[in-house]
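Paired with chain B in one complex and with chain C in the other, chain A is shared by the two complexes that follow.
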Partner chain A sequence: MIQALEKIVGRDGVLATPEDLAVYSYDGTFAEGRPQAVVLPRTTGQTADIVRLAARERIPLVARGMGSGLAAGSIPATGGGIVVCFTRMNRILEIDTVNAAARVEAGVVTADLQAAVERKGLFYPPDPSSIRHATVGGNIACNAGGPRCLKYGVTGNYVLGLTVVLADGRVLQTGGKPIKDVTGYNLTALFTSSEGTLGLVTEALLRLVARPRYAMTALAEYDSLEDASRSVNAILSEGIVPATLELMDQTAIACIEEAMHLGLAADVEASLIIETDGSDQQAVLGEIEAAGRICREQGARRVKVAETEEERAGLWRARRSISPSLARLAPNKLGEDITVPRSAIPGIVRKLRAISAAYGLPVVIFGHAGDGNLHPNILFDGRDPGQREKVERMVGEIFGAALAVGGTLSGEHGVGVLKRPYFEAALGPVSVAVQRSIKRALDPLNILNPGKMFAD
Partner chain B sequence: MIQALEKIVGRDGVLATPEDLAVYSYDGTFAEGRPQAVVLPRTTGQTADIVRLAARERIPLVARGMGSGLAAGSIPATGGGIVVCFTRMNRILEIDTVNAAARVEAGVVTADLQAAVERKGLFYPPDPSSIRHATVGGNIACNAGGPRCLKYGVTGNYVLGLTVVLADGRVLQTGGKPIKDVTGYNLTALFTSSEGTLGLVTEALLRLVARPRYAMTALAEYDSLEDASRSVNAILSEGIVPATLELMDQTAIACIEEAMHLGLAADVEASLIIETDGSDQQAVLGEIEAAGRICREQGARRVKVAETEEERAGLWRARRSISPSLARLAPNKLGEDITVPRSAIPGIVRKLRAISAAYGLPVVIFGHAGDGNLHPNILFDGRDPGQREKVERMVGEIFGAALAVGGTLSGEHGVGVLKRPYFEAALGPVSVAVQRSIKRALDPLNILNPGKMFAD
Partner chain C sequence: MEPIQAGPDVLESIEPKESAYYNCIRCGLCLAVCPTYREHLTETASPRGRVALTRKSMEGSLDLSPNLLGQMYSCFDCMACDEVCPVGIRPADLALAMRQVGEWRRPKRWKRLLFEGLIGKACRLEAATLPLRLYERSGLRRLVYRLGLDRILPARIRDLEAMLPRLPQRPLRRVLPEIIPADGESRRRVGFFLGCAQSLLFAGGSRAALRVMARNGSTVLAPKEIECCGMPALGYGRRDLALDQARRNIEVFERLGVDVVVTDCATCGSMLKDYASLLGEDPAWARRAAAFSRKVRDISEFLSEIPLEKPGGRVEQRVTYHDPCHLRRGQKVWREPRRLLSLIDGLEFVELPEADWCCGSAGSQLITHYDTSRKVLDRKLDNIASTGAGIVASGCPACRMQLLAGLRGRADSVRVVHPVELLDEAYGLRGQDPGPGGGRGGACKEE
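Let's look at the complex of A and B:
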């Protein structure tokens, strides 16, 4: 098999030493799955040859970008198989400024794409936290989001078309540069968020927008999480759509303060980071002021609008430091990704606190409150089997709580291996049966990322 | 069969007289297809019973709302079969103001939904021209658009979840109130725009936004279509996203003027209707002024911003009168729905004029220029077989021209029967094969709207 792969991609395109395989056995989680080989194609044609080889030999294929996934979706679940890593397909093939579209290979790092289009006055909004170490292909596989997705929408809202290698090696083109297209089934949307189980995405045509010229950021601090949560709905109800509306609970704020000494008040129960942006400076200013007024009306103790670019950067540094700063508190963390209807946020946060108290492990809560997408992070010590077992039960309770209020398992990370046990509880047997029938129709040999999503 | 249907929906829910069947043999096109019976369910349960009956007896089912479709998608294509008409399922089940969502039955008229949510300060943006005589279910089946979709997106961007009766009578629920959801395949998007070929949509959960409080409208008149087209790109490139950017060519303008005597200059080659909207009056005004300035910079002869609500209504009356006013010029019209990359608009308009000149039949051009979605309307006399044959060849050339510049067959009407012959040319054999395999997986007996989309 190694020789057959080398024949397709050249000797330097195949990795199979124990050391190399170890590197590709992990993603952004604690899960592990070792492949038999890693192959790094440089073209769609090479990818199609790899898939035909795998189909002939019935070898599982796992698509992978930078391996930053948070659901164990890009490591082999079934043992063995070939990891198809797209990091060498990282070219930006075209930036079409007139039609505001970019054609890229799947392995381009999202931050690199953003920088390239911004140099041309354009803007690619999706901004997952992993933006500097995640690929567009991975973002598409999970339909990644990010703070800015409140105003701008998620990755899927920017995918105009895809080049996909199907399970038998045929190459499918979907979509095109026209913004509107209702000719046939929406295959672009079907392959987006399919986590590499229906085909291997090798290229994407992405929609761009004009780069917003102005942005204003504010921090609102609350004595009550309910007030913070109500502010989110009140802002949106007034027709203000901030670029971001990020929530942090007391534990998250304490974490940041301990790590960064920004002078955040330790006794606030919740904070919102609000950012407005656009092409009209007065409108952007007007919106941040209106949002601040609404926050105060809803009970914010203090609202501080960043007055300099430095203050603004400081607020975002604080937000981005949550995840890394958690490492100071415990050896391990498990970051979940539930979404709930916005109105359910106060209730779900109370429930998360109750779960934390019942098991005696801290749960730090932050996330994209405007979208109802929260990231409860359980802090624990993975060396302690008792704590690991507790974490497993806590995750089950967290998902149960989200589903009970009409929420779901994942807003931007995907199902992968980790949420597989909860998949049918979240979607119901009919939905799972329909999805399985689509999977069987497009991948009858089950060679594309087997063992993901479906509990098979 | 009639008796079996009556047992499910009651005697008043089945129509089978020749007069009734004649009514349901047409949609918004010149095509005709007569059903054996029309059934009007009142619930999802009745719909499921109808589908089970049809599956047992292998009877084709054609879903229908108000029958305003423009691709012959809601009339039987294969002769006979049952039309399942959802006009009695027209209840608005819930308007959730906190989460900005509405749950409706498939048969609710889109304008009724809009009025109901606007009374609560919310907004459902999709605005197909047929809004007063089209249903939400039909809009979902075709992923309908409209002028406002430039800023707000098409119907599919507002579908949070669906209740779908599958081909074997099982009931599928997709999605939910959370805005972000990446748990499993995007079935909501797959069923949206599937034109009743994969399942019967009986209910929808729709996303709403805050109602914009201010709107400004301007008319820009040009001596050159190229200048009008360039203005569209220049406006969007500056980061201004108007709610609408509608283009009308000289023939369309002449048509309106002849019908309505609004004082539109007969010698302008193209006009744009631009509307900005939002919650901040100054920003809305600033945007329309900036758009007007850009239009002048790009060569507009005159830009007139409507200063009163009456002037504004007049501009929209003009735009909406295009289609009806065409009836004064010729007994028949065929309205197409091509989309092209925005940059290709001037070229495609020149090509459409050349086709018109070559065949000696007028082609009126108007549409949603910001989206690249144009509606070339061929005017002809259907009593003349020679003209009918010409129209057929012209349609083929129009689609060929759109595909040649990276465009496609339909931006908001769907494929139905009328565009079926061009389906594979537009999408290629691999895409069609993938779509067929999904169709077979979900409707193995081919009872759901057979003879649509696929040339089978």
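Let's look at the complex of A and C:
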């Protein structure tokens, strides 16, 4: 099999030493699954040849980018299989400034794409915290979000078309540069967030927008987490739509302060990071001032608007570092990704604190409060079986609480391996049956990322 | 030098502790800043991969195989991952630690020869480079160029040949007086740590540093009996030798009774500052090492701390600056050299894109990991070209060798200098000898 893969991609495109297999057995979570081989294609044609080989030999294929996923979606889950790693398909093929579209290969790093289009005065808004260490292909497979989703929407809102290698090796083209397209089913949307279970995305045509010329960022600090979560709705209810509206609790703030020394106050119970942007400087300023006023009315102790680009970049670097920096507090963490209607934010925050108190394990709360997407992170020590068992029960309760208020399991990380046990509870039997029949139609041999999403 | 027996207790002290890798949550942030990842685009060549390999090897699920160790040696030790990790894991340090473990379990004879025999004493290294200096002085090298022999060499050998710098007739250490008096009133006594590479290859930079210090009221003591700072031994898995070298160097400077120890080599500086932690668990040495490390300053740092005479001359050049890893991340010194350059009238400073990315030298990676090193270097050279600068300043001999090798044949007119050389030029001191008995100034033409 190794030789057959080497024939397709050349010797330097196949990795199979024990060391290679060990490091491709994980992604951004604690879960592990060892592949038999890793292959790094450079073209769609090579990818199609790999898929045909796998179909012939009935070998599972697991698509992977930079391995920053938070649902264990890009690790082998059924023992063995080939990891198809797209990091070497990293060319930006075209930036069309007239049609405001970019055509890229799946392995392009999201931040590199953003930098390239911004040099041309354009803007690719999706901004998962992993922008510098995640690929466009992975973002599409998980329909990644990020802070700016509040105003600009998620990755899927920017996918105009895809090149997908199907489970039998055929190459499917979906969509195109026109923004309006109702000819047939929306296959682009189907493959977006399919987590590599329906096909392998090798290229994407992405929609771009005009780059906002001004942005202002404020940090609002609160003595009470409750006040902070109430402010979110107060701001949005006044018709202000900030680009981002991020919440972080005291533990999250303490962790990033320890990691980055930005001078954040240690004694506040919660903070909001609010950013407004646009092309009219006065409007951007007016909105950030209005948001600041509302925060103070809701009980913010202090609202500070970043005065320099350096200060602003520091705030965002801090926000992006929260999740990993929590590992300073405990050897393991489980980061969840629940999303609720935003009116339910204060209630769900109360509920999360109650769950933490009941089990005696810390739950750190931060996330994109503006769009109802929170990342409660349970901190624990996986070496203690008692704690592991508690974590499982806490996760069940957290999901239960989210579903009870009309929310869902995952806003942007995906289901992967980790949320598989809760999949049916979230969707109901009819939805799962429909999804299963789609999976069977497109991947009858079940070679594309088996053991993910569906609890079989 | 007495060989140290590798007992189980020794192994325990060099093996990375569980806390050094266990909390890595594999977020992947470090991939974005790693030069070896950027070239290979594989997890195996990434900092996160090296941490995972360390953990699996320490936990026993992977053997300490030659391939696993090879991944530890493929790290450039630029420390970008150490700096970016929000958890506080130091992947580059772990790669170094694993090299020590590998060397203890399977010692390599050539390393014994090289590090115990040759680099141990600076003077021995200088003797060993005699053939190279003869190659230079006999005119053989010029002959090689004139006949175009360098062009028919394979690219790899050609690059190595180009990396051989123009050596001075005699190493600076041989000719440097032990005391260089201050010009005018002496306001402080400064110890100078003359690194091997500076002495041998870039003596011009050290001469400039000495002249600038003397000009600004410093009496400089430059002891000849110092040893290698220890970085090469540490990089090749011989921590034991590095510790010995550290102890001897500390003793030398204790005897001098100076308040500050200055070096113009980024690598030596970061190593000397690290003596405190290297010897931190040695009860007989911990305090002495800490006291020594506190005194160490890079030349740009030192010059930023003392009142400095504004240079009168002008340097009408466009200049850019490359951050050596051992200065930027090893010592958090990056504002100071830029500030020195800003003191010079006429000098147009252009910031280098990706200035703090590794140049690919990492001491000897152009020899041991040619392909990756060359690609990393090419990216650096493209960035340098984009600035249009005629001079690249950088305070690290290893970076300068690498940049000079890369620029040869590509941009021969671009000079590579230590920032302090430009300051020296602006003072109009260039070419004057530091103190009586000094060797012939300007014998070393490394630009």
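As a convention for this text, the second predicted complex is superposed on the first by the 441 of 456 C-alpha atoms of A that agree within 3 Å, B and C clash if a C-alpha of one lies under 4 Å from a C-alpha of the other, contacts with A are read in each partner's own complex, and residues count from 1 in each chain.
Basically, a contact is a pair of C-beta atoms (placed from the backbone, for glycine too) under 8 Å apart; a residue touches a chain by one contact, two chains touch by 3 or more.
None of these values were measured; they are calculated from a predicted model.
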**Complete:** In this superposition, the partner of chain A with more touched residues, chain B or chain C, is B
**Message:** I'd like to know which partner A:Pro331 touches here: chain B for first, chain C for second, both or neither.
**Reply:** second
**Message:** Tell me the contact category for A:Thr97 with respect to chain B and chain C: first, second, both or neither.
**Reply:** first
**Request:** In the overlay, answer first, second, both or neither for which of chain B and chain C A:Ala266 touches.
**Result:** neither
**chain C residues touching chain A - in the complex, by the definition given at the top** = 22-32, 41-44, 46, 48-49, 52-53, 56, 61-63, 65, 67-68, 71, 85-88
**Request:** Write out the stretch or stretches of chain A touching chain C in their complex.
**Result:** 15, 17-20, 22-24, 26-30, 38, 40, 66-68, 85, 87-88, 90, 107, 109, 111, 130, 132-134, 256, 259-260, 321, 323-325, 327-328, 331-333
**Asked** Hey, which residues of chain B end up touching chain A in the complex?
**Response** 96-101, 121, 142-143, 145, 149, 153-154, 156-157, 166, 170-174, 176-187, 189-190, 192-194, 198, 209-213, 233, 236-241, 278-280, 282-283, 286-287, 290, 339-343, 368, 371-373, 406-415, 419, 423, 426-428, 430-435, 437-438, 440-442, 453
